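Quick one: this structure, given as structure tokens, is what I'll be asking you about.
As written, the chain order gives the labels A, B, C, D and E, with residue 1 at the start of each chain.
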Amino acid sequence: ACGGSGGNKENGSSVSQQEGKNPGDGKQVVNIAMTTDPDILDPTRSDDAQKNQITLEVQETLIRMKDGKITPGGAKSWETSDDGLVWTFHLQDNKYSDGTPVKADDYVNCMLRTFDPEVGCHNAGMFYCIEGGEAYNTGNGKREDVGIKAPDDQTLEIHLNEALPYFLLMANCANLTPVPADKTTGEDNLTYGSNAEGMMYSGPFAIESWTRGSQIVLKKNENYWDAENVKLDTVNLILAQEENTRQQMFEEGNLDMLTGINSEYRKKMQDKIDSKEVVFEENANPSSSYICFNNNDPDGVFSNAKIRKAFSLAIDRESFLKNVQKKNKPAYGLVPYGINNEESMYREEIEDPLLKSKDEDPVALFEEGLKEIGKTRDEITVTFLQSNANNDTKLNSEFFQRQWQEKFGITVKIDTAADNSTFNNTVSKGMYQICNTGWGADYNDPMTFMQCYLTGDGNNPAFFSNSEYDKLVNEAKSEQDMKTRQEKFAKAENILINEDAGIAPLSYSFQENLINKNLKDYGINGSGGPLIELKNAYME
Amino acid sequence: MDSQKVTLTEDMFRRVGTNEHKSESVVRPSISYWQDAWRRLKQNKVALFSMCFLIFMVLMCIFAPYIYPHAYDEQIIENTNQGPTAQHIFGLDDLGRDIFARVWVGGRVSLAIGLVGAVVSLVVGVIYGGISGYFGGTVDNIMMRIVEVLVGIPYMIVVILVSIVLGKGMGSLILALCLTSWTGLARLVRGQILNLMESEYILAAKALGTPTYKIIFKHLLPNTLSVIIVDTTFSIPSFIFAESFLSFIGMGIQPPNTSWGAMAALGQQQMSYYPHELLFPALAISLTMLAFNLLGDGLRDAFDPKLRQ
Amino acid sequence: MSHLLEVNNLNVSFHTYAGEVQAVRGVSLYLDEEETLAIVGESGCGKTVTSKAIMGLIATPPGEVKKESEILYKGKNILKYSKKKWQDYRGKEAGMIFQDPMTSLNPTMKVGKQIQEGIRKHQKISKQEAKKKTIELLKKVNIPNPEERLDQYPHEFSGGMRQRVMIAIALSCNPNIMVADEPTTALDVTIQAQILKLLKDIQKSNHSSIIMITHDLGVVAGMADRIAVMYAGEIVEEGSVRDIFKNPQHPYTYALLNAVPNPELENKAELHVIKGTPPDLISPPKGCAFAPRCKCCMQVCQEYEPERTEISVGHIARCWLQDPMAKKIYKFDDARSVMME
Amino acid sequence: MNTETREPLIKVTHLKKYFPLQRKKVLKAVDDVSFEIYPGETMGLVGESGCGKTTCGRTILGLYPATGGTIHYKGKDISQLKDKKDLLKFKKDVQMIFQDPYSSLNPRMTVGDIISEGMENHHLPGGHARVQELLEMVGLNKEHANRFPHEFSGGQRQRIGIARALAVKPEFIVCDEPISALDVSIQAQVVNLLMRLQEELGLTYLFIAHDLSMVRHISDRVGVMYMGQLVELAPSQELYDKPIHFYTQALLSAIPIPDPDIEKTKTVLPLEGEVGSPIDCGPGCRFNGRCKYATETCRSVTPVLKEVEKGHFVACHVINGET
Amino acid sequence: MVKYILKKLLYMIVTLWIIMTATFFMMNMIPGDPMQNGTKVLPEAVAKNLEKKWGLDKPITERYARYIKNFLKGDLGESYTTPGLTANEVIASRLPASLRLGLQAVIVGLVLGLLIGILAALRRNTWVDFLAIFLAIVGVSVPSFVFAALLQKSLGGSFFPIVGWVTKGMGLPEQFRVTALPTLSAAIGGMATYSRFMRSSVLDVLSNDYILTARSKGLSEGEILRRHVLRNSITPIISIVAPQVAGIVTGSFVIERIFSIPGLGRYYVDSVNGRDYPMIMATTIFFSAIFIVSIVVMDILYALVDPRVRRNLIK
């Protein structure tokens, strides 16, 4: 951060100080905030955005996204068999930060650990498309039978169950990075990634120090295959969990980037943005937030599609986003912006399904629904289950509560789950009526959203079940024709959101970011890859 | 003096003798304990003002929502976070609800909870501490260990358990609030009572055959009143905040109903952009607290007969 | 003629919730070198307040030493002293022994340290020397094993020993005046006798003066050169020991002397008491303060304050009975026998 | 006074009260004391401060459990009073006036409440009227019932204590230095009151003090205590005229006399030498360290009370300087 | 003294054991399980496997017995949410920061609170006194995280860092700068309470006779305050500090979060949230131990300050 940049004060935050003290011209330092405190940096277990951010700066995935395009990463080239079931990757001459060469076996090891029941990786389900993965993961198969092999040190072969057209897009997941097998033997299988010293770094940077609960310092990895294009010497990842704190740090020059700001802050900073003192950038962050109806509602209210749809239509999304959330965009569909179907962006091609019914009268629908379930308005009391994540969640539910109460003249109660665990437990057991959840992309394909609502899927909190939908989505999995595939998705989405109204979409998330004007050539990724790509970044 | 002399007559040197009745009657008018406490409280302008202020707050909480034109749950969604205007004198919150209306609705909950919480933990803490201090020895030892155990078990777990067993509602909210809140007072009272047990008037009461409960309630507790008052008035804000925490985790009042603590917690997030959303609930809490404390000080003085002249 | 200490027209009030308590009302007295002045009187008559005023220890608020008051020490009005001068005066020129040895020592400070404090404040000497001096002092007040006792806390001392420590503190800087406020009330007779002897010895060796406050007339008889009898914030009679004991002139003084059980009295016979209670000093009565309880009370007593009358040299009483007019109507002996009834 | 023929109201035999201290030490506050008190009489108890007078009185009332020995009240051993009713009755019959008028009254209770407390406990009738009657009996005003203890002078407080004790109509009262804290004129008031009440109500007193002249005046018999033991017991006039124990003599000589002529000439018998400690003391006369007549026997054998003359008991090996 | 401490230690062990047992059974009674933590649902087989690994498939009594056995060996188990770290390691690495923050806050709160209390008492019924009452009330009625945010806003910057904590090799002045704001934020509540209690305590002491004795020796007001008033007026405060010490250590998770302090506070909340049983137990044990120990320490301190108590204590 201190590379002679004008905005920075000499005494940065204490945490960046050790490195940033000498603002010699050659020093290339960037300070980024961590919003949560990562518990483990084992790439196999990198299951949230924060961990991904760190892991993917220090580990090399098979491919890297640059400006939305796939570029070589750990693999310099790749090909797929004609039936689309076998992928072969040819690896770069990459070395770990300690100089040991990266071998194909290391990639194999990482993926095998993903399925290793002992490790208990949350992402494993994503890779069930790999032959034998599910069986091994669930204890019904053997490790040796998993379809990922290294014929030689530089070649990696992956065998799929189905010919997934989007598989390559999953190749920038942290689960497809090298982890040497000798580092994960015995006890280490579970503890790998719990401290900076025991890990191997194959990415553009390496972790120099990790102070839990405070900060992580990354140093350029001189042995990285593309080291000459890595310009930053140091990246400081500073833990700052409060938004206010991050804002202040950004203003003080202790942070070079502020992601996901709200509209108030943007207004406050508008002058600086206009005068180009800071750079403003917006990107789609492929995740969407929606209201889940319990399709198996024990009270028999939300098992009725008309009532669900009435509830969905009753929400004034424009007002909600503009006045309450003050960021993101209203959603009338499931798949958010930033998700591509091959080359084209899905959401730009396919109109939001719910927009078609936007003009329908929710009250009339509600009344029809009531008739169907044989209840009167007065008999209905609806309970909205709310997680206690933060005050914003509360605000949202109070908004919905008001909307429904006003429109339908019914009582809407808000029930707050004591904690996260209780919320998850209540939802997964189907002991709720309505709740607010969301989903973020694991990879850049509509499938990452669509597959959740397959009948009986573990991540289907709405207990949505529609055989037509199941059929369409399953077909789309291996559909090689992108056009047909898109249509199938569109039909399925229409069923989920509009016809059956299994869930009520609320918003697509868009991120507004402020960036130090001296920071150049960074990338902000939507799905997959590090949120902020610093491989080629530099300070001017 | 000289001038006096002139007026002296022989008559005046006649013996009148003692006038015992007169010498005894330099008494002040005697009034009862409560009358006197009340009189002394009235003399304390600050305490009196505080009391009026509190009454005002209570009355406002009761009646303001009926008189004020804006409902507390009405969302003027286009004008969220609007600052104070002539129409909405305290401004609007982040869902466009009138903060003035919400302050009074929230006050109902917060004042009630603050008072109920304070009273419950006062009663429990005082009785518990009183018994522990009076019997001392093994009883005290065991009772104090129980306090430690209660404080030791993670609060969240206890609260979740309470909500499971009793369901969510006012009852379980108050139970959760008071579950450990009395322990501090109990320890305080116990310490005081251990000291007081040395007093001779306790021995005198025992010599008179006064039963234990009477010794505790008539002799020991009144003499710990000043610590009790200070501690209790000081504990009210912690109940107000504890309520907002418990509501946050779903045990307390349910939206759109609100409380000062919940409003302050919400406002705190908006502190840098819309300070009025924190200011008004915080002001309500602080002023009420100030009033409670000043009144508490006044009460302590009023109930302390030593200060009576 | 100049006295070591002269108190003129001392007025002290306390401002309380109920009003102004006029605790001391126009007290004048003096003290000469090497003299012992005893102040006697009923509880609450202002003895302690007077002595505190002499030490400059009246807390303001609630207390107030009225402007017209004057306390001359070696000719200088100490009431006009600065803070600094007061600090030099206290301890060095005048030391005080307080009424209650149980509460007058700091419970959390070692006894030795409490004695040394004053020494080190007024005499610029080293810690070692101060300690030596402390041991000497403790020996002087007859505390056995002073070297060990030095490091003990007050609660480890008995009442008598604490009172001796108090005396040691007062003595620590060889003050010219020792104000002893009921130094023996809390003690039993044997210890009382020892302490009184000790005080007398010290007075002799240090050539100091003592103001002795007590309501025990026996003690007064043994100790005092002169006596001032106080009632309700005023001095009602003043004179030498013999004057007061052998020739008392104020009815209150008779009554006081009379209340002590004397060996001639029959077993279980009724003791002579002064009936009634002293006046409330918030509104002191118009005339003589003792009038309501005085068996010889005359009409004039209820209306007008009596004046100081000098009966013989140094023997002064404030009573209308001393008025020539009263003498005409009453015989002096009459008054006495009336009081003794 | 022919007390012997009567049944004693209180009979104390070999009473012991030890207080355990740290490190297994014991403080023998009362060590083997025996005496009797007859109905209607006043027994005085004198001795220097800390000699165990208060402890003795409180143990007799059962306020402290005795370490050894027995106390019989009207022929019944009070330690055997197990029945709640009997205990309550005993507490009604015997009362105490406390030494310290300041700390023995609850500062937060009105005088009326203080006095009526015992009446309520024993369900005695009378209520408010009785409180007023009691107040007047002890020479206070009716209106005083609504006041608080701190509004009274020491003497008045002591009288409140007396009224509190009288309220339950006791037969026996332990007066624990009821006058030590008071000034002369009030001392006289309190003593007069006690004597008057005795006459009117036929009370029995154990009168504790260290001021011999007052004790002599009020008591029929006087006991002298020294470090937990009774060293001399005699009718009061007798004790005053012919003290035998050297400690008694010293005590009497120390009484200040309100006459400058006598005071200036009188000699106080010096009590010098080692003051013993009541903590873990061995056998032998407790006074031996300060006694000028002490012999070897005094150091090794604890003397017991012997009747020297009729009704005059002394615990001393060396009487009047002769063995 | 040794005997006293040993006895207290025994009590402490018993109390801790009861707390452990109660917590163990209660935490297992509340719904939710450690498997349902992330945003994604674990496949059932994997969950089963984890359950087996953590021993959650066994009956509760057996688990309890095993826990106690391991505990006696000094093994607190492995944290579920931070795989690879044992609870022992988490505590070892996080407790120092929490303790330091807690202790610094108590000390700062005490010093400031006592100072304010003394000033208020000495200047009774003047504006100083009123200001002190006002400060105290603001101190208790404004939550500490608001203070933290305000402090951060107003003072945070180049001199007092906005986030961060002491790291190895930091000089003392720097440690001071890094810890100043969090310490102050955590101290304010205590400060308010102490100042109120100190005020009345000083007033009590000032009305004692030995203050007059001290004055009569010719000591200046400053000397009297230092030598006689302070020590005696602090004693009653000591007994209210004990629960506060523990309170500040456990209650500072908000402050730890705002200032990114690597403390244990986060685990106190998150471990329950994520049903991380070993961490729940570990934090509970440590915080209870801190609480109980601080009570004992305060008792001993009390005895040190007041020689009269020393006697009773031993008895």
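Here is the rule we go by: contacts are C-beta pairs under 8 Å (C-beta built on N, C-alpha and C of every residue); 3 or more make two chains touch, one makes a residue touch a chain.
Quick caveat: nothing in here was measured; it's all calculated off a predicted structure.
Undergrad: Can you give me the shortest step count from chain A to chain C, moving only between touching chains?
TA: Graph distance in the chain contact network comes out at 2.
Undergrad: Could you find the chain whose CA centre sits the greatest distance from that of chain B?
TA: The most remote chain is A.
Undergrad: Tally the contacting C-beta pairs at the B-C interface and at the A-E interface, and name the larger one.
TA: A-E
Undergrad: With chain centres taken as the means of their Cα atoms, state the distance from chain C to chain E in Å.
TA: Measuring from centre to centre gives 54 Å for this pair.
Undergrad: What is the distance in Å between the mean C-alpha positions of chain B and chain E?
TA: Taking the average C-alpha coordinate of chain B and of chain E, the gap between them is 25 Å.
Undergrad: What whole-number Å value describes the gap between the mean CA coordinates of chain C and chain D?
TA: 30
Undergrad: Could you pull out the residues of chain D that touch at least 2 other chains?
TA: In chain D, no residue touches at least two other chains, as defined above.
Undergrad: Which positions in chain A touch two or more other chains at once?
TA: Chain A, residues with two or more chain partners: 244, 419, 422.
Undergrad: Could you check chain B for residues that touch two or more other chains and list them?
TA: 24, 156, 160, 271-272, 308
Undergrad: What does chain D use to touch chain C in their complex?
TA: 47-50, 153-156, 181-189, 191-192, 195-196, 210-214, 216-218, 220, 236-237, 240, 250-251, 254-260, 262-264, 268, 271
Undergrad: What part of chain B is in contact with chain D in the complex they form?
TA: Result: residues 24, 27, 30-33, 199-201, 203-211, 214, 218-219, 222-223, 225, 303-306, 308 of chain B touch chain D.
Undergrad: What residues of chain A sit close enough to touch chain E in their complex?
TA: These residues of chain A touch chain E: 9-15, 18, 37, 39-40, 42, 45, 47-48, 117-118, 120-125, 134, 137-140, 190-195, 211-215, 238-242, 244-245, 248-249, 252, 254, 419-422, 424-426, 428, 439-440, 458-459.
Undergrad: Enumerate the contact residues on chain C facing chain D in the complex.
TA: For this pair, the touching residues of chain C are 42-44, 158-160, 185, 187-194, 196-197, 215-222, 224, 241-242, 245-246, 255-257, 259-261, 263, 265, 267-274, 277.
Undergrad: Of all residues in chain C, which touch chain B in the complex?
TA: It is residues 16-19, 275-277, 279-280, 283, 292-304, 307, 320, 323, 325-326, 328-330, 338 of chain C that touch chain B.
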